[in-house]
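I've put the structures underneath this note.
The same subunit A turns up in both complexes below, where it pairs with subunit B and then with subunit C.
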Partner chain A sequence: MTVLDDFTKGDSLLNPWMDEWKKQGKKILGYFCTYIPEEIIHAADILPVRIRAKGCTDTPMGDAYLSPTTCSFTRCCLEMANRKQFDFLDGIISCNSCDQIRRLYDNIRYKTPFSNQYFLSVPSNVNDITIDFFKYELNKFKNYLEKTFNVDITEEKLKNSIELHNKSRTLLKELYLLRKKKNPPITGTDIMNILLSGVSMPKNQFNELLTTQLKEIEGKEGISDDKSRIMLVGSMLDDPEYVKIIEDLGGLIVNDAVCIGTKYFWEIVDENLDPLDALANRYLSRVSCPRMAGEQSKRVDFVLNLIKEFNVDGVIFQRMKFCPFWWAEIFVLRDELKKQGVPFLDLEREYVLSGAGAMKTRVQGFMEVLEGK
Partner chain B sequence: MNELRIEEELKEYKKLGRGNWGEGFGLLKGMYNGFITRIRDEAAEMEEEQDEIMPPMKMLLNLLLDLRNARREGRKICMHPFNYGPELLYTMGLVPLMQELFSVGLATTHINEFYLDITNKIGYGDNPTLCNAQRPLIGAYMQKAAPVPDLLFFLSTPCNSLSITYQVFQHITNVPLFNIDIPYWAHEHSSEFYDERIMDYMLSQLKNFIPWLEKQTNRKFEIEKFQETMNLVNQSREYVSDFNELLKTVPCPVPSIAGFGNWLAMTLRGGTSEAVKVTKYIRDQAAERVKEGLGGVEDEKLRIAWPYTHVFFDQELFKWLEEEFQAVTIMDILGFYPVGPHDTSTLEKCYESLALGTLDYSMIGTCRGPVEYFVDFLINWINEYKIDCVIIPMQFACKHAYAMTTLASEIARQETGVPTLVFGCDPYDSREVPSETIRAKISEFLNQIVL
Partner chain C sequence: MSKAYVKKSKLLKATLGLKNIMGRHFLAIEQAIRDGTPTAWATSGTPVELLYAMDVQPMLPENSATISAARKYSQKFIELAEDQGFSYDLCSYFKTNIGAVESNVDVTIGGINKPTFMLSSDVICDTHVNWFQVQAERMNVPHFTIDVPHVVSNTNNRQYNYFKKYVAEQVWELLDFIQEVTGHEMNMERSKEVAKNSYDLSMVWQEIYELRKNIPCPISTKDTFGGLFPLFTMPGLKAPIKLYKRMYREAKARVDAGIGALEQENYRLMFEGIPFWYNLKYFAMLEKYGAIIVYEPYTYAFSKFMNPNVTKDMLLNKPIEAMSELMLSFWYIFDLKTRIQKFKETVDEWKIDGVLLHNNMSCRPNACGLYDLKRRLSDDYDIPCLIITSDMNDPRKMNETQVSNQIESFIEILHKRKKK
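On to the complex of A and B.
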């Protein structure tokens, strides 16, 4: 069994690493967004796990309470919470990432509450004032964890946690940079499995596995039977199957600007600053999501740079239906890509993979366009 | 109609509006002329003689002229959303332009729909995803029918649609943009969500806005001017508070959603003597009628709360409710401007008053944080204004609201026993859910559940 096989376990809702963690009598907290610092949760000796709604099939409660025109990820989450699919969690942490997530939290509190639930007010722009406020919010969050779980989150613990998470980020970046090669040694599908493990297993174990993985693919012959090098851009995507459909049609994913992707790990936290200062800084100043105002040109530059650096042939936008942020963001990006002559495909999707046939047809068409270039 | 006085006024406005308004001012000029026609028609229909243009309409005409003149005279125009009082912009000598002047203003004549089609064509969202309160302007820009402002300003709430579309406006127009983050937590000590940092946070952000404005306008912030503006805001707020109290009277002294004019005054002209005049006028009308024991609707039978925006394309909807059901719609969410007067005796108090006004603004105060802000407000309305039922025509794209109304109305009903009707529609586009369907839904609800 290879390390990559190991990482496929990351796709399940409750994976063996989490199981093991629970058996040790330790707690797990689910969180909703990359703006919530895992480091603080980890420093409380709690396992932070990114909330996913894998296995959701239909959303009657989500439709009734969140409305049928709300993004299906949030509807699925409410449904899963209601069906007790998240019962392995000892609590949830949410924030105002978007209106849907904010209201999901309200509905969860009333309709299907967790024993522990907490909300972070994450500022919508970056400047000294908002960073300072976010630091204050993070401190409140730290106090909440200390009080609720009867732990002491010392400065030293936070520093260790930051170091550990930075290590993860550095390893992930190292892995991503290998994809710059003419023949990248790893597929986007495998990368997604690695990332899903990364957001749902203890970081020290993850780092060990990832280090081994890097060694394994070092010097490995790269993939050469792909037709085109693709960058994936868009909203929440946590489905390796979705990526596989693209790759099976010859589009090798070589990088991304997605939530569980570069947005999660690209920048490290400054280890020389006071830990909360450093976290507030990093989390607000990182390559942003469309929720952050005044940062759009930086986000565009980030995508354009990656396209250049990774020699991308075309961009696939995967846009969650009813997501205002990403529709608008993609509207702007499309404009910029047109200016740069970069071909793109705009795919609307639901959280649960459906209409794979239609998707395949469109991706196939796109591959032909790219081949013809 | 007192032919002489009002005709003279209208003639004068007609004269003032003549000529070419300049690039991008086509729609605003159209609106201006449309208002003149509407004033004339309405005055002709009035039973009592009306000897001058009513202050709210005069305010709208003056605002449009002001925008045109600003461009001619090189004064800067700052575009802002519907949930912000422009007092600071006036202090800095800017001419504010509320973005929704387009979507709301144009929905009434369905011209909106033409621009929405253009927006659709160029691929900027669809209705359930991005709100049509902002989208028509994208189409209007493509047609050069709307003026490109000199500055853009917005708040991070109530909705993502608004905040992301401002970023798209910037992408299209390349105009400097400033944003203020509205926090989730409450500033009132009494709230279970109170956080001691909120007021400081808002104050710091507002004070940070000032140097940005100074830089953009090349003009110094004048403390006296600011205090003077805040005092005018305060006077308006006093009238609005009085009016909100008068609405509690049974029968309701004014016809449906008369308070909408207060929101218009505070959002378009807040901080000017014109807004004071309008809010006083609205208050005086209500006070007069209370004194005389008159109701806005004959034999009032039902009192409706409408804790959301109007169906803007159907201007007759409230009248229909009044005539069919003798139902008065006491207030809508915008028209219920809930910010009371604050202490403005010192400079620091003026800042605080500004911060409170920003946090509590129509729809910001109720929709920025947890659902409880909205629920408490709704329950208070129901109890204090003796509400019989609640109607919410939910904009499909309004995620923050749509994703809480079922929950909120459930809680409110448990607490008060008052029923709520929630239905999806698009207040800006009659083609989505037409008037007949909306009326049928309301009729069914009133006949089968309320009456």
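On to the complex of A and C.
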């Protein structure tokens, strides 16, 4: 069994690492967004796990409470909470990622409350005032964890946690950089499994596995049967099957700008600053999600740089239906890609993989366009 | 059930003056453009008063979008935006604005000039910020956005106080931004005058709403849907105060004489959400059942001075802090628990028989907050509710027959409840 096989366990809602963690009598907190610092939760000796609605197939209750014109991720999450699928969590941490996640928090609180439920206010722009505010919010969050779980989050623990998470980020970046090669040694599907494990298992174990993984693929012969090198951009995506469909059609994913992807780990936290200052700075200033105002040109530059560095042939832009952030984002990005002559495919999707046939047809067409270039 | 013919509701004579007032607003914009006076696009929910206080002429794209809809142009603009690739499900105000700007049309059908800068905030929705971000980029103008934390269920007082400070700091920053972009300095005397006018305007609007508690209700949505606009386009100016006072006096006279806007008032309703601007006359359909809308959270929300902590004194002495606190008290920022409570109180105070909720297909905060609200109001307080699915600016999303049938059945339910 290879390390990659191990990482496929990360795709399930409740994985063996979480089981093991629970058996030790330790707590798990689910969080909704990459703007919530895992470091603080980890420093409380609690396992932070990114909330996903894996396994949700229909959303009768989600539709009834959140309306069918709400993004399917939020509806699936409410459905899963109502079906007690999140009961392995000792609490949930949410934030104002978007209007819909904000409403979801209230609905969960009202319909299927958790004993521990916390909402972190994350500013939607970056400047000195908002960074100060976010530091205050993070401190409050730290206090909440200390009081609720009767733990002491010392500065040292925070620093250690930051160091551990930075290690993780560095390893992930190292892995990503290998994809710059003409024949990358790893597929986007495998990368997705690795990242899903990364957001749902203890970081020290993840780092060990990832280190082994890096050694395993060192010197490995790369993938050469792909037709094109693709960059994946867009909404929250946590489905390896979605990536696999693209790769099965010959589009090898060589990098991305998604939240369970580069946006999760690309920048490290400054270990020389006061921990909360460093976290507030890093989380607000990192390559952003379109929820952040005034950062659009930075996001475009980030995508354009990666396209160049990773020798990308085309961009697949996948956006969740009813996600206004990504609807708006696409237009500026599309103009820039046109200027640069980068082919671009815009795919609308639901959280649960559906309409795979139609998607395949479009991806196939896109591959033909790329091949013809 | 009786469906006796009921005469159409009576419009206040004063409301006819609205056209002139709004005409003055657009004239002021035209003049500012001609004279080179700074102008700004602003999203609703932002402190427009500060723009007036700094001699910047505000322009409200949402207001322009409603004009496009009322003049039956919104669909054309929306389709134009969709031709460019904007999604079918995206906010129809946003798309109307995209199409109107692209078409470079006249203000009378929703056209809007390029501003000196843009001011947005996420107080009402994320799309406001996104919309301006896209347009600022496309039109190459500076954009300032105010980040407003949302008051969710477990927001405590200490946190709330910090939120106030946080928003105020950003508003101070906004003043610097405006000065930098326009060269205009903040004039505290002018700001006090503007704040006072805004306060007075809101207070008269609230008094008008108080009159709507009377049975029969003296005014209908014919007066309030349009009457709303000066509240968010001209807060701080004197002219709309006079108009509102005239509306108040006329409505009061009706109350004193026991006259309602409807000749026969059978059912009192609340309408939550943004109206379908392209088909306002559709609301008149309710009148054939003797049903009248007596409260709309949407039009009431813009009389922003609803927070008892923000007094007139505070406004005059600390206008920035007051404006900041008001942003945190805006109706659409509230969490589900508070919203349920507020709806319940309103239903009791305005003696409402049923609630119509507009599931606005292109408005996310609106759409994803209605079903939960309906369930709680129906289940916990036995308040009849009906969800109507449509759109504020996109006529393609309105199925008149379906909505008519739903309303007819709803009235039937109200009728049976009355008979009990």
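One rule holds in what follows: the second predicted complex is superposed on the first by the 373 of 373 C-alpha atoms of A that agree within 3 Å, B and C clash if a C-alpha of one lies under 4 Å from a C-alpha of the other, contacts with A are read in each partner's own complex, and residues count from 1 in each chain.
Going forward, contacts are C-beta pairs under 8 Å (C-beta built on N, C-alpha and C of every residue); 3 or more make two chains touch, one makes a residue touch a chain.
Keep in mind the model is a prediction, meaning the values are calculated, not measured.
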item	value
Partners on subunit A (subunit B, subunit C) - clash or fit	clash
Touched partner set for A:Pro240, first subunit B, second subunit C, both or neither	neither
Touching partner for A:Ile129 - first (subunit B), second (subunit C), both, neither	both
Partner chain in contact with A:Thr74 - subunit B first, subunit C second, else both or neither	both
Partner chain in contact with A:Gly314 - subunit B first, subunit C second, else both or neither	neither
Touched partner set for A:Cys98, first subunit B, second subunit C, both or neither	both
Partner chain in contact with A:Gly10 - subunit B first, subunit C second, else both or neither	neither
First (subunit B), second (subunit C), both or neither touched by A:Tyr118	second
Set of subunit A residues, in rising order, touched by both subunit B and subunit C	64-67, 69-70, 74, 96, 98-100, 102-107, 109-111, 119, 121, 123-125, 127, 129-130, 133, 136, 290-291, 293-294, 296, 321-322, 324-325, 327-329, 331-332, 334
Subunit A - residues contacting subunit B, complex	64-67, 69-71, 74, 96, 98-100, 102-107, 109-111, 119, 121, 123-125, 127, 129-130, 133, 136, 290-291, 293-294, 296, 321-325, 327-329, 331-332, 334-335
Touching residues on subunit B, where the partner in the complex is subunit A	123-125, 128-131, 154, 156, 159-161, 163-168, 170-171, 177-179, 181-185, 197, 201, 204-205, 208, 370-371, 394, 396-397, 399-400, 402-407, 411, 424
Complex contact set, residues of subunit C against subunit A	84-87, 89-91, 94, 120, 122, 125-127, 129-131, 133-134, 137-138, 143, 145, 147, 149-150, 152-155, 159, 162-163, 166, 169-170, 173, 335-337, 359, 361, 364-365, 367-372, 375-376
In the complex, subunit A residues that touch subunit C	64-67, 69-70, 74, 96, 98-100, 102-107, 109-111, 117-119, 121, 123-125, 127, 129-130, 133, 136, 140, 290-291, 293-294, 296-297, 321-322, 324-325, 327-332, 334, 346, 348
